[in-house]
Structures are given as structure tokens and as C-alpha cells.
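Shown below is the structure under consideration.
Every chain is named by a letter (A, B, C, D, E and F) in the order it is written, and numbering of its residues begins at 1.
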Amino acid sequence: MSERIVVINPNSTTRVTEGIDQAVRPLRFADGPAIDCLTLAEGPPGIETQRHVDGVVAPLCELIRREDNTADAFVVACFSDPGLHSARESTAKPVLGISECAITQALGLGDRFAIIAILPASVARHRRYIRQLGLAERFAGERPIGVGVTGLAGDEVGDRMSDVARALVQEDGADVLIMGCAGMANYRARLEDETGVPVIDPSQAAVTQALGAVRLGWTTPSAGRG
Amino acid sequence: MSERIVVINPNSTTRVTEGIDQAVRPLRFADGPAIDCLTLAEGPPGIETQRHVDGVVAPLCELIRREDNTADAFVVACFSDPGLHSARESTAKPVLGISECAITQALGLGDRFAIIAILPASVARHRRYIRQLGLAERFAGERPIGVGVTGLAGDEVGDRMSDVARALVQEDGADVLIMGCAGMANYRARLEDETGVPVIDPSQAAVTQALGAVRLGWTTPSAGRG
Amino acid sequence: MSERIVVINPNSTTRVTEGIDQAVRPLRFADGPAIDCLTLAEGPPGIETQRHVDGVVAPLCELIRREDNTADAFVVACFSDPGLHSARESTAKPVLGISECAITQALGLGDRFAIIAILPASVARHRRYIRQLGLAERFAGERPIGVGVTGLAGDEVGDRMSDVARALVQEDGADVLIMGCAGMANYRARLEDETGVPVIDPSQAAVTQALGAVRLGWTTPSAGRG
Amino acid sequence: MSERIVVINPNSTTRVTEGIDQAVRPLRFADGPAIDCLTLAEGPPGIETQRHVDGVVAPLCELIRREDNTADAFVVACFSDPGLHSARESTAKPVLGISECAITQALGLGDRFAIIAILPASVARHRRYIRQLGLAERFAGERPIGVGVTGLAGDEVGDRMSDVARALVQEDGADVLIMGCAGMANYRARLEDETGVPVIDPSQAAVTQALGAVRLGWTTPSAGRG
Amino acid sequence: MSERIVVINPNSTTRVTEGIDQAVRPLRFADGPAIDCLTLAEGPPGIETQRHVDGVVAPLCELIRREDNTADAFVVACFSDPGLHSARESTAKPVLGISECAITQALGLGDRFAIIAILPASVARHRRYIRQLGLAERFAGERPIGVGVTGLAGDEVGDRMSDVARALVQEDGADVLIMGCAGMANYRARLEDETGVPVIDPSQAAVTQALGAVRLGWTTPSAGRG
Amino acid sequence: MSERIVVINPNSTTRVTEGIDQAVRPLRFADGPAIDCLTLAEGPPGIETQRHVDGVVAPLCELIRREDNTADAFVVACFSDPGLHSARESTAKPVLGISECAITQALGLGDRFAIIAILPASVARHRRYIRQLGLAERFAGERPIGVGVTGLAGDEVGDRMSDVARALVQEDGADVLIMGCAGMANYRARLEDETGVPVIDPSQAAVTQALGAVRLGWTTPSAGRG
């Protein structure tokens, strides 16, 4: 079995890539697709502004083209889904965004989803995206923890995540939570314990769908299809 | 690895169960969960009315309880998602409906999804469900082929499926199609060839998500959680 | 005048049926339709879970068929509208659900409606239904009193109803309230006094529309019409 | 029993008032409210423009104040619901608009409603109103017959009504129709026969709800309540 | 250059007209359209109820017809947009409402808009209008200051405006504010300083669009066009 | 008066820039802001794919920073609004996108807007954007003429524009049209003549709003504000 899913962390922080790699381990099977997690060297340490989002599109598409011959599916592993539609124009292989996958996955695990964001500036950007997906009717809210990507390993991050998670459930009425950054993966179990609702790691959601795409032949809109 | 996904065909037509079994084969891995497809003996030959939908809930929940000790996730494999929320009250294991999974999966494979239905009476029932999911903004339309579940092996079914698929793409503007019955699985390749857009077999979509649920610990709303 | 409206309380608590019977008394006229309130003996004491909802469909439809010859309209008098669409397939007579009727009636009595629920588990079920009706844009919210159907005669229920009603008006912005259980009928006057907004008893709303259906020949979707 | 429902036809065409009077006859009971249909002498022969709509508000409110002492509920019987909210400020009694009542009634009689309009200019006005009611998600469409209010008794009107009704059902997908003018009452039976779907006369829908308002004490937003 | 924009204050309080006149001064150019601000003598001191709204339509349309020969565009300068569609039937020139213009302008200046209202009774009226415009998805909320039009020059109005503005931003999540009355113009700078978000004076928004209408030939729906 | 609006055509086709320059001429006043139309030399000849959209963001923001000292407002003159939110992070001056401005402007000129696109691939991109703006409820449709940006001066373009415009009005029900490319400016008059509905040139709409922004101090979300 030589199938291969390529997961690209579009920021340059390898600790984040390692966290993704560990998070998707349960989706690796003896005779299943390889799941390779790559770091986009040209990316910023964290994608925290729209400039960052737009800035990684070119090197991301370049990396996708370089890997295209040996990949069967791509996952863009940043919660802003940077360059998702450009990436889809760059390859005929399916390209999945972790934000889109996490949000659509959440629809089946609860009635109203909410997002734990890193920074306040992310909130309006994500709200625009949720409207773009046509899913605002199921959206309970979003709150930031006030910590950037490179600070996610800090001592107090867990407590802030817990506070925000509880507020989203108890005040905003969410019954399923999404961690709004690929770098939050290791907090999932703690948040589920504390809130009692399912918590989605977006990289896990996307790789699950990539598994389906590879094995079942799902395609995403591409230059070869459009 | 002793994980096990139980897929229940709530109609009593074993040919449909066999089709599901074959469709989900690519999701079986050497060290992955077993995927067992069961037939609900108490079900009608096809679920074609709301009476059929409501009528299978009790035996379906009974079957789920019987299998509960050895199952890690359940899939209800009828496109009306009969008894989905009752089933979730009957077990602490995740329970997935193939309609909900197919529709949420479609959101990532195209901009506007459409459904190929069996009978005209299905259309209003599905439209209610799409509104219930809050997804009407992405819904392009639905058209019936005019054939019931037990007639799906008939000679002219393929041609009718093609006609309806083409109309949904060309007239209604869909760019991703969902086959609105678990018994349509074997027409997927033909429809993709003829329309050029991805076609989702709902059982495949649901078992993919069940794989994620089992391996990643996702839960659906249940009596144990509610 | 031999017209007859059959109101079915799908739970087996006769006190609830008696409350409905009393609530609809103002809609009985000397030369108007008889309004007969029946108790579904096979129902549970209260319908409080999705299992309860789905479980009463078969005996409910059976009762409708038994009464069909002498009835001109049916009302299903549980706020979850159990089996509404199955019931409509079981008779050519109009079948009205008290939840659907209460909510559509509320649209004309205020700008934003809210619901007083019995138990927390009802809230997500009702929210799904409101989305299914396409009416989420007018929905202000729902709060439970934390008392099951059979406890509605308890001493403190009135106070809890008042607290919830006030919160729905003052905090959630509702200007019309719906009592989310057929067994709450006798609290209507008190809640209107305390909140200053109209409060809808769902059985009253449904029987009013049934009166129109019988006298004016309105039909609901049925097997005979579909 | 001295209860009294006052139905006001805000155009000055008495033939329309007579049609309303006849249409609501089945809602008169020996011991029920009187239903008196009045003509607004100051109104134009037909309300066909926004100027007409706004122009009748003052005399309409004046008439309501004159009748206020002896009325228990008012119905404004023009499908543009002229002055509905001003009327509600003019009396503490409930005031119902036939358009609002017909549309909310339609929600229970089918899945997607459509409107038969008189003139093309009505269509955008009604579409604004349906959005205002928050009900666009259930709206299948509207088509005009191209005949003004005073022409509704003409020979060919029935045929035009039939053509429009059929197009709304067969092409636009409606499964319940609303006649978009109080003057169309006598075509209801024919349209139901020809289309096989329920057809709502808006005056009948509003008087049914007025019956409930009078007998059950429903109120609409008013100066005394707001 | 003899182009002329006629701005009509439909209440009779000349202080409000003077405030509008001053607010739109930056839009007067040496070779641009004249911007004349007129007071509707027949209007009430402030438009605070639906009766007021409907009551000014006739004299407003009369004034528009009197000015029609020398005007190139009209602005109706009351935040309830009284008689907007009637006014458009009264002239072939473009007619703009300050509420519609302020709200559509706000869509480009922030993600979620909120409104500072004068009286509590305005809130439901504006909510209906926002739904009518189809813009509820971007609406963060509305709060009244509890002061009528003629009281807007009072000493404590600025403080109340500030309190409400802050609540709309901090509690309701707005990132752009609209002053919901033409008479609030002189508080704009203070509110922007205190909240840090843009604050729209609706008369300024409408005259800007009127400038475009006059110079670029935009039309609004009228009797001559419809 | 040294105010200055900088309009940036992000494609490198100077003919398009010249067309914009001519289209916005009526918005230049003797004592008003200068309106300078610049060409982004680094842009592709036409922006026709998502790759093009994302590819111009970096040089566009660079150009904005270079002009920042002497500009009071920026207009991004491509109908895909490339880099709009990145541009807003790059300057404290207001930045307007011609697509956002055209669509919000259209809301006041008709009830349902439609878009004339260049290529089929634009349609899904624009539909996503309209959902992102939360304006799908007012959207009548979009049709492509099948001609790229550099082909817009061709002989048959006018006829194709006319055909598409008529279909949008007559079949899709639009009553206001938007030309979906900055390079279509010179067809506006012809289309208005032929369809009888207003046709919006997006550059004109955006510069009108920029005029307001400069003269009235409107801001858009920026790094300095966020």
C-alpha cells in the first residue's frame, strides 16, 4: 500500500508540526495510507493575521506541487484554511482544510458548535468564514484565549483554554467545541474532561476525511475538475 | 485490535446490506476496526414513508442494545436517518446517520449539494431534514428517480439515475451529488463519470466518520452525556 | 352539526388530558364541532425523551385509524409533535401538532417567541424542530423549568414557571411566550399577569386551527394528497 | 354572547366586502362572536400600490377607534396588511392582518407556500413582507395574474388564476397556495380541485385566528402593551 | 452645475434639520450638487410611533412632488424610512432612506452593526426593518437611550448615548455603530472617541449615496421604472 | 484641498485602469479629493483564478504602503476584492473593495441583485463571497459571459453582456444588476437601456463610498483599530 496523505503545517514552528503528527497517529494503519506531516519553512512562526494567511499561499502551493507526484491527498493544517482554494487549483488531488473539516465534523457531534481562538483578531476572520460556509445557524460563538501560536506551550495556556471552554458551553450554549488552532492538540483530553462535551482537534478531523478521500476517491474542486 | 463498527441496514432487504458491505470495504484495515453490516430483520423491505421511518425505531434501538457490549460505534444506514436521536439515547457509543454524514461531508467537496431521491415522497421529508440541520443555504435541490428501494436493481435504474444526476448539475446548479439511499451504492462510479462532479455514497461517508469516532474518541449526544 | 375534532394526549396521564379538555372549552360552540380529548393509554406518563417521542407513534396512528370514521380533524397534543407526519399518512383528515400550531400562532402575537420547556433535554429537541420549521430567525430562546410532565401539578411549579418566563422576556428579549407542554395549561393566566406578554397554550392554538380546518376544509399533507 | 369581530375591507369596493362576508360564514356560530364585515369608505377601489397602502392607514385607524367600544378583535382584510402596526397602536384589542395570518397558517398546511398576486407591482412588496416576517426559507414564489382588484369579477380571471396556480405548484414547487387578495375568495374551491393542494383564503385564515383571539384572550402588540 | 439633492426632515423640529444641514456640509463641493435640507412642516415634533411613521407619508409625498422639478435626488431623513416606497412611486428621481443607507453602509465598515435607538418602542420596528432588508445575519443588536426626538439636546443625552454605545460594543459584540435618529448627528465624534469603532450618522450615509445617484445616474425603484 | 483617493487596479492591463479612470470622472470635484487610478504592475493581465486573487496580495499591500503617506483612502478595483482584509491591516486609512461596495450599494437600488461575471470559474468564488457578506437572501443569481479580462474589448462582448443581463432580469428575477469586473465599465449605459433596471459599475460604487470615507472620516477595520 503506497497511498500517502501529506499534512502541511503552514507555519514554521516545528513543535506545532510534531503535535499534529502525534494527534493523527491513531489514523495510521498497517495497510493504510502514510500520513506525513511537513512544515512550511517559508511560513511565519504563527499565522495570526490576514497578512500571514495570504502570505503563505504562494509557498504552500509551491510545496503542494513539489509533493504532488507522491501524494494522494493534502491537508492544510492551519485553522484559517490559508490558500485552500488556491491549493485546490494547484493539484488534481483532494485538498482539505482543517477549519472546514472541523466545522463540518462538529455538525454531527452536537447541535451548536463553538470555537476556542488564539487571539482576538481571529474571531472576526473566523466569523466571516463560518458565514461563507453557510453555517452561521449552528454557530454558538467564539472566544479567544489571548495567546499567540508560539505561546501555546506556556504554563498558563491550559487554564485559559479551560476558562474559555467553560464559558462557551455554559454561557454561549455550545455542546461541541472546536480548538481553533492546530497547535492546541494536546489540550483536547483535558477540555473534554472538564466540559463534558466533545472537543474537536481540527487536524484529526481533516485527516479522517483525507482517509476517506484517499480510500474512496473523493475529490475537491480543482483546476482539473472545475 | 478488537474495535468494531456496527452498520445497521434498517430495511430487511439483504441485497442492500450486501451493497453497503461492499461499498465500505476500502475502509477496512488489517489493524483497523472491524466493520460489520447487519440487516434489521424487523424492518420493511424498503423505508419509503414516514410510517416506515418511525416504525423501525423500536427494533433498531433493540438491536443496538444487543450489540452494545461488542460495538465501538454504530451507523444507521438509511438515508432518512430513522431513529437517530433515539438510538443515541440507547447507547453511550457514537451513533452516526448516513444522511447527516453524507450532507456534512458534501459541504467540503463542493459548493452546492443535491440529492438523488428514490420516490417523490422522500423529497419533502429530506427538505425538512436539511432545514433541521441548518444547511438549506448550501442545498441546490433534490429530484426523485421514481423507483422504490426494492426496485433499485432494475435494468433502467442506471439510466434514471443518470438523467436525474445530470438535471441536478446542469439545471439546479449542484457541484456535488449525494445518492439518497443506501441501496444506490453501485451506481456511484457511473454517475461520477457522466457528470464530472463527486458523488457521495452515504454509507461510505458515515463509516469514514465512524472510523474517526472509534479511533479518536468522538462522541455523539447520548443519554450518558446529555 | 356532527363535526368532531379529536384531540389526543399521547401520554397516559389523564390529569393532562383533563387540563387540555378544560383549556379548549372556550372553543366549543352550541352548533360547532365537538372537541373530544382522548388519552393514549399506551403512552408513557410523560413524553420526555426522543425514545418516548418515537415510541408513541405506532399506537397513536392506531388510535387515529380507529377514530377516523367519526373524526373530522385530529390534534396531537404533545409539544414534541410526536408522529405528526406519520399520523398524516394514516388519515386523509387534517392532523395538527400543538407545537407547530403554537409556534406559527406566536408569529402573529409578537416579534420574538420563546419557549418554557419542562426538562433540559427538551431544549435541543425543540431547537432542531424550530430550525426544521425554518423559523429560527424569530426564536428568542428556550429555558427549562427542570420538572417532568408528571410533576407539573407540584407546589413550586408555578414559581419556577414565573422565573423562567421572566428570564425569557427580560434577558432573552422575547415578547411572546409558548408553554412547551400540554400539561402547563393552568399556568397561562398567571404568566401573562406577571410578564405582561401573551402566553400561548399550545393545545388552544392547535384546536383553534383545527376549528378552521374543519369548518373551512383545510387539509394537511396526507397519503391521500401527497 | 355579545362578542364581536370587526373585519375591515380597506378598499371601497363593496363587492369585495360581500365576498369576505360570505367566505367567513362557516366561522359564525349560534353562541359565537358576531363577525361584521365593514367597508372603508375612504379607501380606493383597490389597494394596488404602496401609496394606496399608506394612504388608508389614517381612515382605517379612525374606523378602528370608532368601533373600539363594541369590538373584541379587528381584522384588516387587505393582503398588504396596510397599517397593521399603526392599527395595533390605536386599540388594545387584537388586530390581525390577513396576509400575516394566511402566511403563518400556510406553514402548517404544506412545506413551501406560494402566493397568487393580482399585479406585478405586488410581488416585490410581498417579498419584502415575507422577509420582514422571517419566513423566506419556506417561500416557493409568487406570480401575478395581471388583473387589478376591481377586475376580479371578470370572465377570464378564473382561467388566469388556474394558470398561475398550476405554475406555482408545478414549476416553483409549492405545495400550499395563498390567494393574495381578499377579493379572490370565490375561486378557492376551483383552484383546490385543479391543483390538488390546499388553497388559503386569507380572510378565512385571519378570522379563524380572530376567533381564537376573542375566545382565548390572545393579544397583539399594542400601545397598551408595548 | 445646477444639480440639487433635497433632504427632507419629516419631523417638524427645525433644530433636527439644522443638525442634518451641518452634518452633510463636508459633502458640499464648489461644483457639486446643492444639498438643501427642508423641514416637513406637517410632521410631528418627532417620529416615535408607527402612527407617526405612517402619518407623514402623505405630506412627505406631497412635498416631493412640489420639489420634483428642481430636484435630482431625495433623501428621507428619519431613521424609520417613513414612506420610502411611496415616495419612490411619487417621483422618477432616486429617493434614499437614511436607515437603509446607514445599514448598507455599515456592512463595509465593520463585521457586525448595532443601532443606538431613541425609545424602546423603536427597537421592534427597526428589527422588522432589518429582517425586511435581509440583513439580520450581520445585526449585533439595538438598545434605546430612552429619550425622544425633542429631548435629544438635553444635558444627559451624551452620557446615555455613551453608555448605550459601550454596551453595544462590549456586550453585544458590535464593531460598527449606527445612530438611530437624524437628530443625534452632533454626538458622532464623541462616540467614536469613546468606543474606538466607527459611528455612522445616517444622514451623512444617505447624502453620500445621493451624491453617487446624482452624479452617476443611479435610480431607485419608481413608478416610472417598476 | 489636498485629499486624495487612490484607486488600484490590481491587474496589469492599463486599458482597464483607463476605463476605471473615465468611469469615476463624475466624482471629481474642483475642491474635492483627487482620484488617482494606478495599475499594479506586478499583477497578471486579468484576475481570473483564486491563484491570481491570492497572488496579488503581497504587491498590492506593498503599493498601499508606498502610497500611504499621500493617500486618504484606497480602493481595490477588482471584483474579487483581492487582499481586502490584508490591505486593511497594512494601513490605517480606509480601504474599500469594489465588490463589497457594489453589492451593498445594490441593496438600495433594487430588491434582488444579480451579477454579470466574466468566466464560469468566477461564479462559485463570488457565491462564497456573497455568503460571507451574509447577503445571500437578496441574491438573484450570477451568469458568466465566458470572456476573460483581456478579451473585454472584443467585438461581441456587448452582445454577450446584453444576453446575460436579460437572462438575469427575466429568468432569475433580478431588478438591479452588478457588472462583475472593473473592466466592464463602458457597457453600463447600454445594459441599462436594454434591461430597464439600474446597472452598477463597481468602481463607481466604491469611489462614491471612498468620497464619503474621506470627507466624513469613515474608517474600515485596520491594524490600528482592530
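Descriptive notes on the structure:
Note that in this section a contact is a pair of C-beta atoms (placed from the backbone, for glycine too) under 8 Å apart; a residue touches a chain by one contact, two chains touch by 3 or more.
Predicted model only: the values in this text are computed from it and were never measured.
Within the contact network of the assembly, the step distance from chain D to chain E comes to 1. The chains that touch both chain E and chain F are A, D. Think of each touching pair as a link: the shortest run of links from chain C to chain F has 2 of them. Among the remaining chains, E is positioned farthest from chain B, on the basis of C-alpha centroids. The centroid of the Cα atoms in chain B and the matching centroid in chain E are 52 Å apart. The distance from the centre of chain B to the centre of chain F, with each centre set as the mean of the Cα atoms, comes to 43 Å.
Each chain gets a centre from the mean of its Cα atoms; for chain C and chain D, those two points are 26 Å apart. Distance from the chain A centre to the chain F centre is 32 Å, each centre being the mean of its Cα atoms.
Looking at chain F, residues 111, 124, 128, 131, 133-134, 136-137, 175, 221 sit in touch with two or more other chains. Listed by chain label, the pairs that touch are A-B, A-C, A-E, A-F, B-C, B-D, B-F, C-D, C-E, D-E, D-F, E-F.
Interface of chain C with chain D (complex): residues 26-27, 29-32, 96, 100-101, 104-105, 107-111, 133-135, 137-138, 175, 192, 196-198, 200-201, 204-205, 208-209, 211-212, 215-221, 225. The part of chain A that touches chain C in the complex is made up of residues 111-112, 137, 175. Contact residues on chain E toward chain D in their complex (touch as defined above): 49-51, 53-55, 57-58, 61, 83, 85-86, 88-90, 120-121, 124-125, 128-129, 131-134, 136, 221, 223, 226. Chain A contributes residues 124, 127-128, 131, 136 to its touches with chain E in the complex.
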